[in-house]
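Paired with chain B in one complex and with chain C in the other, chain A is shared by the two complexes that follow.
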Partner chain A sequence: MFLGVDIGSSSSKAVLINPLGEIVGQKAIQMGTGTVGAKSVEQALLEETGVKRSDVLFAVVTGYGRMTYPGCDLQITEISCHAAGVCFSLPGTRTIVDIGGQDAKVIRVDQAGRVVNFGMNEKCAAGTGRFLEVMARVLGCRIGELSALAGKSQNTVKISSVCTVFAESEVISQLAAGAKIEDVAKGAHNSVATRVAGMCNRIGVEEAVAMTGGVALNQDMVKSMAAALSVPICVPESPQTIGALGAAHFAREKYGRL
Partner chain B sequence: MDKKISSKKMLKEMMAEHYSDALKRKAEGKPVVWATSIIPQELMEALDIAVVYPENHAAAIGARKDAPVFINHAEANGYSVDICSYARVNMAYADILESEAENIPIPDMILSGSNICCTAIKWYENIAKKFNIPMVLIDSPFNMSYDVSAESVKYIRKQIENAITQLEKLAGRKMDYDRLKEVMKVSNENAIWWKKATDLLANKPSPTNGFDMFNYMAPIVCLRGNEKGTRLFKTWYEELQANVDNGVGPWQDQEEKYRVLWDGIACWPYLKDTYVKLKSNGINVVTSTYPESWTLLYEVGDLDSMARAYGGLYVLRSIDYITDRLSALATGFKVDGIVFHSNRSCKGMDFKQFEIARRLESKFGVKYVFFDGDQTDPSTFSLAQYETRIQALVEMMEGNRQREVHGI
Partner chain C sequence: MSQVQDLIGALSGAGKNPKETVLDEMKRTGKKAVGCFPIYVPEEIIHAAGLLPVGLWGGNTEFKEADKYFQSFCCSIMRANVEQGIRGTYDMLSAVVITSYCDTLRAVLVNWPVAVPNMKTIPMILPQNRIEPAAVEFMLEKFEIFRGEMESISGIKATESMLEESFGLYERYRAAMRDFTELAGTHPKTVNAVDRHYVIKAGYFMDKEAYTEKIEQINTCLKGMPDEKAGAKVVLTGLLAEPENFLELLAENGIGVAADDLAQESRQFRTKSRPDGSVFERIAYRYMDLRGCTFFYEEMKARGQMLIDMVKQSGADGILVCMYKFCDPEEFDYPVYKKEVEAAQIPMLYLEIEQQMDSVEQLRTRIQSFKEMIM
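This part shows the complex of A and B:
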């Protein structure tokens, strides 16, 4: 068995694959680096699949917490792991938009799933999952409810500020002025999409485009992103665990070769 | 036996002397000029006027991680966080007049050049107002054309002539043009030794790690016009040449696996961190656009040629010119990748970076990475983010090598 672990800033993910590259199990826990989530995700996955740790031939860790995660054979950046994961889930993908808790990345890949180029958010949390978390809190809903809420929007509110803190005050004043929460939710999605689209265009968008990371679970967010880029966007079956899947594939590839 | 003094020891002693000499001269009642880092220093050297460079001083403060005290002071005085951190550090220093890094004397005149950036104009206007001293500006236009135009040369030369008149008043004597010619000769010689030394890093393996270049930047800024500089850069060149001859690489404990170009000013508060992360990945910085700015070469005795050199700095050049220059550096130094320091303070150097990166990638397929930081302000840099970006660069450079080897 081969294990891939992805320790993000707000969640931890793990994927097990067999020697044929088939997924044996996958798990995501909404607790990231520096928490018990990082350790428990691997444990939970092994318990769920009935696989013993000693049956894991090689393990690769990725993500923001990769440097401090013990017990893996190799660490690889989330940039390369997302590229590898998407390459296996959605072959033919050339551009990946990955929006996680504190990062937004655009990754260009070649036909072999290798990273050609990438861009990441700069200096602040604008355009990341954290921005949406803050928006959900202001709107009084759970992060998982944003998609359905934004889907009802008839009159989208424009959020001008890209700064998360300033956008929070902007949203509060718009709600106070009578804006509907679904219109503000859609505005938050568009704000993230616009910010990330700027980065995508800088790197250059080549179809097919896929979206990964926890934020890709939000279907309306994917819709906003596709509209901002004017291209269709595919989402893999389990977008949140794509980095861990890529790590598992690296584990399979590197086993016996290092 | 007469043991030759190393260039590193020389550098340390000469820089200490540079600062102590300026303080001594001030104490003796002699005039001191504060100047921007790439100014015709030849004029002051020829008139024997002490000159100190606040940017170099601010970098020294930044490298000691002392900048926050000065930055907070400047911001408390009303200066915006968006202003260059060298400016914030220096404007605060002008108030505090005490730093553990070094101390510099209060100026009697400002000589500011817009060839390094436009912020320098307003920054030094404030300093001049504060100390009630004259400021002389040498303004250099941005070069929309590929080369420096004849009009620009004329415009800058006239201002150099005006600066001479103003500096003559400050020195209390007329310019000796034979002496100026001598200083111009020394300055060119120093620039040549600087270039010869830094060009040696094109060898594989490189005879030193490129962060050493950053260490030698203080003397190329401060000692460019005198013989001390010649001794220092010549010695450094000889040491590097000996390393090349003996096949000595940048590190004793590891190989140079990847060679990169560093674009932008060093991230002084995290110099060690940025270096260690590169080294731990086997990455050596072999060339940089930043130190190259001090390779100022012109016809000795020709003020037009001098004006052209000062008006043709990297930051004043068009994207076409910079693309060509970076292409030449990338191929000449056989680099595998480029690290772009997206430096919050230096808009002049940074605003072209994305387009340059895009052009270089499409031209050579060279891999690059951006990281956020600042030349002095420690608050905009994240080590974890830097680490991820550098590691991703390694993974991309490795991908390039695989493609070269396997042809896929």
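This part shows the complex of A and C:
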């Protein structure tokens, strides 16, 4: 068996694959780097699949927490791992938009799934999952409810600020002025999409485009992203665990070669 | 340790400790020191007047006083220089020479005398448009005035023969630096990214004669050593490559510096001087002949092609853009050379950096990803 662990800023994910590259199991826990999330997700996945740790031939860790996780044989960046994961899940993808809890990345890959260019957001929460978390809190809903809420929007509110802190006060002003929460939710999605689209344009967008990361679970957010880029966007079956899947494939590839 | 490691260690240490190095050099040579703001100052004239030119390139300083004079979106090198000026870090200097290569420098030229009233301020304004012959005439007159200002600080007359001698020393320094950067590119393990930077930086704090002798010794050692292979090699471009923890990430990822196009490093010494003319004419024509620097106007920007050639000649795997935060001349240049470099299919990574960066985790991911991409 081969294990991939992805320790993000707000969640930890793990994927097990067999020597044929088939997924044996995958799991995500909402605890990120600096917590027991990575160890917990690994243990939970092993228990769920009935695989012993000693049966894992090689393990690769990725994500923000990769430098300090002791349980793996090799660390590889999430940019390379997302590219590898998408290459196996959605072959033919050329551009990956990965929006995680704390950052957003745009990754260009070639026909073989190799990274040819990439971009990341700077030290700012705008255009990331954190921005949506803040918006959900202001709107009094759970992050998982934002998609359905935004889907009901009839008169989208424009959130002009690119800073999460200022956008929060802007949204409070909008709500005080009588804006509907579904319209503000859609405005928040459009704000993230516009911000990330700017980064996509700097890197260059080539179809087919796929979206990964926890934010890709939000269907309305994917719609906003597709509208901002004017291209259709595919989402893999489990977008949150794509980095861990790529890490598992790297583990399979590297086993015996290092 | 081997001789080359000793020499590199000594210069790297000097580059890491500017104030101590300058004070030691002042004591050793008995010279007064004059601070030189970025980007280019005719140091030969300062040297000919018996003074020690000292490069002032900011530092990892916490801002407390300087923000009375700067907005938060201003270049932090300038903020650091003013902060250190107010705090008295530069009190050993007899004067500072402030240039006018960008909007922030022009503003500093006005604000410095108010912020640091006890330090003599000498403006060094050179023409941006160097195509017209009038630009040379302007520079020649400016250098003459500058000579007088330097003489009044030192009390030493900078005669033609002294100017000639200083210019000769600086030509020797520039040739040695060109050799050093080339040899560092072929010996990326002996001269890693961190040491390479500090060895070059030491030249801004030491007397050029002693410094050049040490660089020549390093070059002799490196020439006698076989070439070394790095995991990956890059060309650095931008204003400067700091802070140290950014450069450590290159070393950590086995990335060597094949060559650079940094204003603080190779742009200072890569242009050869013309053989003829007076010393002032030769200094002026070095500025006229300098290509690919964002701080001088160029109708047809040469930087993109220069970077492409640099990658090919040095065998680099890609280019790292060290984009110093809020350096608008560098930021405006980027879209121009990006287009050319991409068309040449050379991998290029854009990194936003500043000297006051305590956390480099995002940079770590970017640099490691870039290495994974190009290897």
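FYI, the second predicted complex is superposed on the first by the 258 of 258 C-alpha atoms of A that agree within 3 Å, B and C clash if a C-alpha of one lies under 4 Å from a C-alpha of the other, contacts with A are read in each partner's own complex, and residues count from 1 in each chain.
FYI, a residue touches a chain if its C-beta (ideal position, glycine included) is under 8 Å from a C-beta of that chain, and two chains touch if they have at least 3 such contacts.
Only a predicted model underlies this, so the values are computations on that prediction, with no experimental measurement involved.
Taken together in the superposed arrangement on chain A, chain B and chain C clash. When both complexes are overlaid on chain A, the residue A:78 reaches chain B and chain C alike.
In the superposition on chain A, A:112 makes contact with chain B only, while chain C stays out of contact range. With both structures placed on the common chain, the touch criterion links A:120 to chain B and to chain C.
In the superposition on chain A, A:101 makes contact with neither chain B nor chain C.
Of the two partner chains placed by superposition, chain B and chain C are both touched by A:67. By the document's definition of touching, neither partner reaches A:32: not chain B, not chain C.
Residue overlap on chain A between the chain B contacts of one complex and the chain C contacts of the other covers 64, 67, 76-80, 114-120, 122-123. Of all residues in chain A, those touching chain C in their complex are 64, 67, 76-80, 103, 114-120, 122-123. Those residues of chain A that touch chain B in the shared complex are 64, 67, 76-80, 110, 112, 114-120, 122-123, 202, 204. Note for the complex: chain B touches chain A at residues 342, 344, 354, 358, 361, 367-368, 370, 372, 380, 384-385, 387-389, 391-392, 395-396, 399, 402-403, 408. Against chain A, in their complex, chain C makes its touches with residues 347, 350, 352, 361-362, 364-366, 368-369, 372-373.
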